[in-house]
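Got some structures for you, see below.
You will see subunit A twice below: alongside subunit B first, and alongside subunit C after that.
This part shows the complex of A and B:
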């Protein structure tokens, strides 16, 4: 919610992007058993491109995921089959998938599909 | 005297319902016919249906709703709904649909009632443990509402029978528990042009989505999940646990969606598919997600680039679709050699002989709290799993056993004998115990309980 940190006056650094990342359907167990995380990510990826969802996924793997079983979240460099990604409660396929540019205060939800019944 | 008469009465009732089920099953199988395609459910079966005075009273409270009305009630009575799986989802869904006055309710499930089902599968009963679930369900439903035509199928839904069975219905409820059968239901429903009300649940969470609705317009299961999840990521209620009312809620919501589809004409919100998430412990327990539409290149409902990938009646009937293989086959871990495993009976002898050893129980702490073998050390499997692929894996595993003597044999036990094998392999590779006398106890505490080697032990 509050003010962002890390802004810099001269444009060499960019204001980080603040967003909510949420996990459901059991994925939260890979992220310290916490369903919702308010995080800040750099506004640009290492190649100076604006942070998109592909970069966010990579960032989460490197920085937020304590569990070592990366394959339960990412497989062959993509979100593993069976996980849905929602951008502000809308299927990411309607928003450009990995290419979607992260905005301040976005909510990105990762849902693992359940099969029990 | 009275008690024995009652018992006999009960036994006879049970027998009657079984025979009725068999009879209905036979009639149903001889009278099937294929239809090429079918219009949406609320358009079919224009045949005249009438409500008896008793039915006017019975359904009055829902008929006075403008969303239902007499037309809606007639649509319900004309409709034919198939419920695949009469477990945690299927039980409440079947009860509400039967209560609402669905004309024909087909129920398919190969399983029998177990007492571990009863905390959530609420239309079965303690007295019907051991009976086919389909028979048990229909016994309850007929008592609730004698008007619907109940069609039992005491068999699994397979590539051999799915087209034949689903051809008889206008709507299918997917109340199953494995992705392989969910893909099968989807593919056949797309071919038959019927909508699917799909739900699932695990632990404290549930998911609900209506697919192929209206048929040919809304996305299908494969549009949303084109690739099956890796085997290791699929967890069932038996392993992961499930809260009864959570799965019940999802089943009740399936009944709501089914009634909406059957009674609403024309179908509203064409082209917009939503998925409802329920998380009992989430900050906002209900969430509605806007899902993608149909995929033009979907192998089930679209036109794939490579035309031979298109799923057709022929590819299913011809046995070219192996759903189990598509979803990665059956889970059953086999990572150890025979001489690295001992039976529960062999371990009992070790225990009785008084030989110094370490018994390592790798179940989760909650499960260990339910029951445990004397003198066992509990380190959950997930703690081993979390160390996998780490450079320091061996060192960290060694440090877990810092305080344990290293000169005695180690026996590893879990719930079913899968996780324990993996931990045995990890312990050996890390070289925690220099002489590597590390053994897996086959079948875990479940086998320990079932075999009765140590007298009474709870099975959960």
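This part shows the complex of A and C:
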């Protein structure tokens, strides 16, 4: 299996993490109107720490978001208040929020509550 | 197939202690599994309904249904509770078609599906039919400034008329705790005492409208409503009205959300504070124990309406309005009450006696609009007043409004202009 990403300065390669990311509640419009994405992210973030949810959010903004309106998704570098995050169906508050370490085949769902009812 | 490992105690549902917790409740941080969450959510709404005697056996009640998350959850929960606890109510879905291509026509499809899913009759009332103007044509005529005012006023009447047509005198809407908290904050920021007084009432009936409106989801957190819909796989529509500026800029709403993150119980606390304000505010119109009727001057205010836009149009404000508001408050200062001395706590049972001359509330004589017959204290009702203006400016050639869904770029000065109008208007009230 080809490993293109995540090589550290000393040349060690880390296998990228593969996961499903889903968007709902209107967020999908920021991501090419596609609700479900299967993506790969580097196993380590730029500071050599294992990829956590905080890193995933940045990664999504940089690489997956096709819309310019970042502020609809993040505010001051964190997920915008009012957007729910579910990690494999579990509330992210129960999994450590941004500190949760992403694992292979995780499903992360971002649901916006910020719209009329 | 039995689980390989027992679930660690810290991940267990705090209610049944047997299943994995999936949900963390905002108001208490309580961890619940899916079935416990669903049943807790439902029982709380039931408790709200029962404690306020919201429904009567054998009555027909209309559910203001937009296809959005709140009204869909409302319809689903009411159906469930009606059957489980035998309220004996016939629920009907009442939907308003404002005539917004690319937005409302899509959400109406959702409501049609809801009607089938919940086995409820659906009635759709359209602005075009009622007023001869769709929102597309209103925007075409007056632009995107103040169009939300028109929509709010039109909607209120449309809901009333739709209900009346069905012989129904009680409409329920999906306003949730976040909405109410936001309204309380906004009214507080505006110093709008009459509205502050009304906005937390769970049911309002008024002299200017023959239809009672209530909010069964008043104590339900928006987050839980979304989670309920998610876990029950309910079908709802979630796009911003294309004519409203992006919801996310609303400062009161943003504040509420930021507060929720830091202190989740804040939302309900604000609602409770709002209820306390309501008891503190002197009002000649307040009947003991009964639902407060709308104050006079309501007709004179622009855009008054419980039906007001629950979309992004709510709770907008920007720097300029604070300045205008201050001016308005200073102008009102003569004859204003002396400030109420702060007390550590207010007992719910004792309305505070305040030493001030009660604000003179203008006597309102209710009669019928000379143009359409709607109940009003003026010669023309609000909607007809607005329509007069619109009809005078109606262009000779009717231009088809081509509204692209992607057309959401609103210049910031337009937005500010709209926000200024919105602050002056009533978009959400209780």
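We adopt the following convention: the second predicted complex is superposed on the first by the 102 of 117 C-alpha atoms of A that agree within 3 Å, B and C clash if a C-alpha of one lies under 4 Å from a C-alpha of the other, contacts with A are read in each partner's own complex, and residues count from 1 in each chain.
Note that a residue touches a chain if its C-beta (ideal position, glycine included) is under 8 Å from a C-beta of that chain, and two chains touch if they have at least 3 such contacts.
Treat the numbers as computed from the prediction; the structure is a model and nothing was measured.
Clashing of subunit B with subunit C is the outcome of superposition onto subunit A.
Touch criterion met: A:90 reaches subunit B and subunit C at once. In the overlay built on the shared chain, the residue A:114 is in contact with subunit B and with subunit C. Once the two complexes are laid over each other on the shared chain, residue contacts for A:82 go to subunit B and to subunit C alike. Looking at the shared chain after the overlay, A:35 reaches subunit B, while subunit C stays out of its contact range.
Judged by the touch definition given at the top, the superposed model places A:71 against both subunit B and subunit C.
Residues 24-26, 69, 71-72, 80-82, 84, 86, 89-91, 93-94, 111-117 of subunit A lie at the contact with subunit B in one complex and at the contact with subunit C in the other. The part of subunit A that touches subunit C in the complex is made up of residues 24-26, 29, 69, 71-72, 80-82, 84, 86, 89-91, 93-94, 111-117. Chain contact summary for the complex, subunit C toward subunit A: residues 11, 20-24, 29, 31, 66, 68-73, 174, 176, 222-223, 225-227, 230, 238-241, 246-248, 253-254, 257-258, 260-261, 309-312.
Per the touch definition, subunit A reaches subunit B in the complex via residues 24-26, 35-36, 67-69, 71-72, 75, 80-82, 84, 86, 89-91, 93-94, 109, 111-117. Contacts from subunit B toward subunit A in the complex involve residues 85, 87-90, 174-179, 182, 199-203, 205-207, 224-230, 232-237, 240, 242, 247, 250, 275, 277, 279, 282-283, 287-292, 385-390.
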